[in-house]
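Shared between the two complexes below is chain A, which has chain B as its partner in the first and chain C in the second.
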Partner chain A sequence: MKIVLNREKLNSFYVQTIKDISLQKIMSCYQCGKCTAGCPVADFMDVVPNEMMRLVMLGEIEKLLSSKAIWLCTSCFQCGTRCPKGIEVHRVFEALRSIALREGKNYTDIEKLSEDVLDEIPQQGIIAGFRKFESLE
Partner chain B sequence: MKKIGLFICHCGSNIAGTIDIPEVKKFFSGYDDIEISDDYKYMCSEPGQKKLRDAIVDRQLDGVVVACCSPRMHEITFRNAAQSAGLNPYKVEIANIREQCSWVHQKEKGKATEKAIDIIKTMIEKVKRDEPLKPIEFEITKRALVIGGGIAGITAAVDIANAGYEVILVERRHSIGGKMLELSETFPTLDCAQCTLTPKTVEAGRHPKIKLMVYSEVEEVKGYIGNFDIKIRRKASFVDWNKCTGCGLCQEKCPTKTESEFDHGLGERKAIYTLSPQAVPNKPIIDKNSCRFFREGKCRVCEKVCPVQAINYEMKDEIVEEKVGAIVVATGYEILETDKIPEYGYGIYKDVIDGLQFERLNSASGPTAGEIRRPSDGKIPKEVVFIKCVGSRDPEKGIPYCSRICCMYLGKHARLYKHKVPDGQAYLFYMDIRSFGKGYEEFIQQSMEEANLLYIRGRVARIMQEGDKLVVWGVDTLSGRKVEIKADMVVLGTAVLPSKGAAELGKILRAATDEYGFFSEAHIKLKPVESMTGGIYLAGCAQSPKDIPDTVAQAGAAAAKVLSLFGQEKMIQEPLIACVDYDLCSGCGVCVVACPFDARMLDQEERISIVNEALCQGCGACVSACPNKACQLKNASPKTYIAMVDKYL
Partner chain C sequence: MKRIIYYPGCTLHSTAYEYGNSTEAVLKHLGIEFEEIPDWNCCGAASAKSLNHRLSILLPARNLRNAADLAGDVYVPCAGCYNNLMKAKKAMENEEGREEIEKKLGKFHRIPEVYPLMNLFIDDKVLKKLSENKLNTDVKIACYYGCAFLRPEEILQNENPELPKSIDTILNTLGVHTVEWPLKSFCCGGDLSLASSDIVSVLVEKILIYAIEAGASAIVTACPLCQANLEMRQKTKMPVFYFTEIIGIALGIDENKWWKKHLVDPGNVVSKLKGGR
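Coming up: the complex of A and B.
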């Protein structure tokens, strides 16, 4: 589907919020792709890190908020460490997660998870779950 | 009996890898007239040359054949070596067994060895018949002609003039400064183009050694390096510039307005006009095509108001003759006529403009006094699309090469636009961002970060008008998505072409131009400022698209080449030129017509043809034209060549 570009979209509330939360110079990304090349979970992502950066630059935020990728990100910081332009890409992921949570998207009610799942789920997953949970309060 | 030395070069494995050198060497040991047959890994190296020098001295050689690469590479090396050992350099010949043998016969080694022997045999026959010759000396006219008064021509002219030589600076328009004077600000420093350029134009304008000939064109060039005869057409300006004080009253009162070429059609000028407020020289011309007097026979307002009676409607073109020793070609560039890319609607949609038009929009001396207002309705555009590679890197519709400056100037445009319209958005469609110069990549990255320019990787396919918007259809190949932008204005980064008439000027100068009309350099790496014709040097976009720093550097280099020519006391010329056997010459004059260098003329008293040694380039056209075989090239007579062929057969 085509992207319609205009000033309003490129400076939308979402884009501004991402910039405010991440504190990153989004427009300085030149799409070299090194973030994706180093990402340990890029293989499993529906939107890979450099693609995520590009869509933020183009103001295409909706697709990102409903993506699986932002939840697959392990915040290992590889992307930010490697970025030649000094963009902390993981912070952009984090900003997207925060917005998704504020919007009540991808809500997980941990109490409703079965004992079996809770046994299997890694500690980080539980923390992430709580973090989501808390942000809804 | 002659004593000839043969030296076979291995050229590493370039020759030795294909040709059986011991076999060749053995073949010529004891061969007729061969005093010594030797070989070495690299004959051009210092030890190789020493071998040759020592043999000349020790064995009293009276001729040398070096079997090696093309004479274009090392003929001069070995001739100099022979001369230093006391042998006349023209008694040294090259048998080319690399380009004409080992390289082309790598798969037939046995036959290659046989062929190498044949090549060497023929060159031995030539050396046997070679006469010792002396280089020819002649005077150099130490004045230079610079064609084109843009930043390239001005730089070259000032550099040559500062060294104390006279320069004639010829410019087609009626003031100097060229394209740079039309620019608003320049990358990567964003300093004002006029502010950087005008000190140079002023210097050229009042330099005692520079003769400025504006509104003039070179019409005829004869002669050769060191001695050119030039005819320059000084076009009729209809204003006596000796009287004109440049007060500007005529321009003010002239009732006729027409499109300004300087503003690229975005502004207007009068029929009598100077090019710009900072024009050097600050003198007007009357444009015959728009002047009411010339069109309708009445008006003469300028004549009435001129306080010094400088207007002269009777003025005629004038031909000025000059003698110079060197020529610098600095004819600059044009941009592609954008109607070649019709899908962008240039010429149909008023708000689709080209890069030079944007420069004028942004310029304080331009039609909007530097405010960014779109041509159609004068509104300030809030969404502006910049498109790179319009015609460049487009072998189908435009030209296949990269125009080199568009990436940077469109980046600059977008940034300047954001300075003036901070709430506007700039979109730049690009294929690659080529920011190769000093400070360029930093400039582009800074623009992205600080001016929030949106760079979109992909070409634009079409532009359509929709109300007062231009709908731009493009693609962002980075996200793999088609992109649509409703823009207020579109700026096209159009391809750079050689300036109009460059190819024709090339013919007048007898300097080669390429398929696009850019002047060809003699060697792309080693002789980048020399043209293929001796004494003609290249500067700036006349040779290929260039930015200002590269243009200025090349202009300086061209000036240095002119100065190294002028630094010689006399011009030294190869003596391998035509000569005439007076017993055979009937004075028919066929050679005079055949000669492309005007080196032949008839001696009316003796009724024979003579050779101007300074002009003759030894091309041999007269030799093939002469019906009596009276014209011959020195050391290349038919007798010699028949002997060479005989030996081969």
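Coming up: the complex of A and C.
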């Protein structure tokens, strides 16, 4: 994949919004990969945490908003605990999720879930799922 | 012995009844006086967070305000509740944050200290009392801490998030051998249950395999979501206990109604823990 770097992309509304919501110094990332090494769901992500950081640094946000990865992050905060540069990577994921939700994108279609599935899930797990749904307002 | 303020949260009165009941039984037996926060409310769980940031701080803050009227520190058994109460406490650390919260909730005459329930039992005096009730058993246990008691560390700071040991200390004091294993603080995926239950099953199985590999025949945790998720999703049939249930066994005050709430029958491990008792 060839990515052309330009300052317009680096200062786009999206990048600014991610910085505003996450309050993280995105440009401190030096791509060590520790966030990905500790991430419990990296195996299942189409864009793993350090790649996500890199794409934000390149201003390639659309790709992230349509990724599966932002919905698979469990908000376990392991990435933030391990980052040697003190970046709370999970907050960047949360910022991306918030933007996607406000644009009407969502991952879980609650109406399509069967009674059986809902029966099986611990109640706290259901609440956590609805959190992502509800922020659509 | 000691007097504490207790915040059970919603789960300990409902889905994690056995955690709540064993906690209260153990506290009474040890002579630790406890009083629930007067008129407490839900901590906001996960639902308030993205929906409304202010609400997600005000809900737990209201509990802190009500707790401030009693004497002592607040102890919290649920990982999610503990995490949320600490966030509210953090928000009140600066003048501006405190003012905003007090505008809505009224003046706080103090901001109480908040600790996870485990911390109550690693107090020297309590440990000494526990050590008088040793179990005679060769059962090995894998202690599992999960996420919300440990991270984010800049808010919690109750133990080393990469090397937690409170539950191990409690069990070791009771004469129970705990194993060294790599997934103590790994996420069980509970929050992902709705979005991707297939991934959650893989995470749970991973945790179980490493616990078995380390020689454990049961897992002990303090988080109600982890407990439910680990018992519900596994194929292995390894029981997952709350640490207060193990203390209950050691003190000889365990009850059948706790074991009935478990999804994996813990009978076998319970009798092994009791040894010849």
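Just so it is clear, the second predicted complex is superposed on the first by the 123 of 137 C-alpha atoms of A that agree within 3 Å, B and C clash if a C-alpha of one lies under 4 Å from a C-alpha of the other, contacts with A are read in each partner's own complex, and residues count from 1 in each chain.
The rule is simple: a residue touches a chain if its C-beta (ideal position, glycine included) is under 8 Å from a C-beta of that chain, and two chains touch if they have at least 3 such contacts.
Predicted model, so just to flag it, every value in this text is computed and none were measured.
Novice: Contact-wise, after the overlay, does A:Cys32 reach chain B, chain C, both or neither (first, second, both, neither)?
Specialist: Neither: A:Cys32 stays clear of chain B and chain C.
Novice: Looking at A:Val117 after the superposition, I want to know if it touches chain B, chain C, both of them or none. Which is it: first, second, both, neither?
Specialist: Touch partner of A:Val117: chain C, not chain B.
Novice: Which of the two partners, first being chain B and second being chain C, lies in contact with A:Leu23: first, second, both, or neither?
Specialist: A:Leu23: touches no partner chain.
Novice: Touching A:Val4 in the superposition: chain B (first), chain C (second), both, neither?
Specialist: Touch status of A:Val4: first partner only.
Novice: With both structures superposed, pick whichever of chain B and chain C touches the larger number of chain A residues.
Specialist: The partner making contact with more of chain A's residues is C.
Novice: Does chain B (first) or chain C (second) touch A:Leu58, or do both, or does neither?
Specialist: Touch status of A:Leu58: first partner only.
Novice: Same chain A residues contacting chain B and chain C, which ones?
Specialist: none
Novice: In the complex formed with chain B, which residues of chain A make contact?
Specialist: Residue list for chain A touching chain B: 1-7, 10, 25, 27-28, 30-31, 51, 54-55, 57-58, 60, 85.
Novice: Please give the residue numbers of chain C that touch chain A in the complex, ascending.
Specialist: 11, 14-15, 45-51, 80, 147, 150-153, 161-162, 185-187, 189-197, 199-200, 202-203, 224-225, 228-229, 232
Novice: Using the touch rule from the top, collect the residues of chain B that touch chain A in their complex.
Specialist: Going through chain B, the ones touching chain A are 382-383, 423-425, 427, 445, 448-449, 452-455, 457, 476, 478-479, 481-486.
Novice: Over in the complex, which chain A residues touch chain C? Could you list them?
Specialist: My answer: residues 40-41, 44, 71-72, 74-78, 80-81, 88, 94, 97-98, 101, 107-108, 110, 113, 117, 120-132, 134-135, 137.
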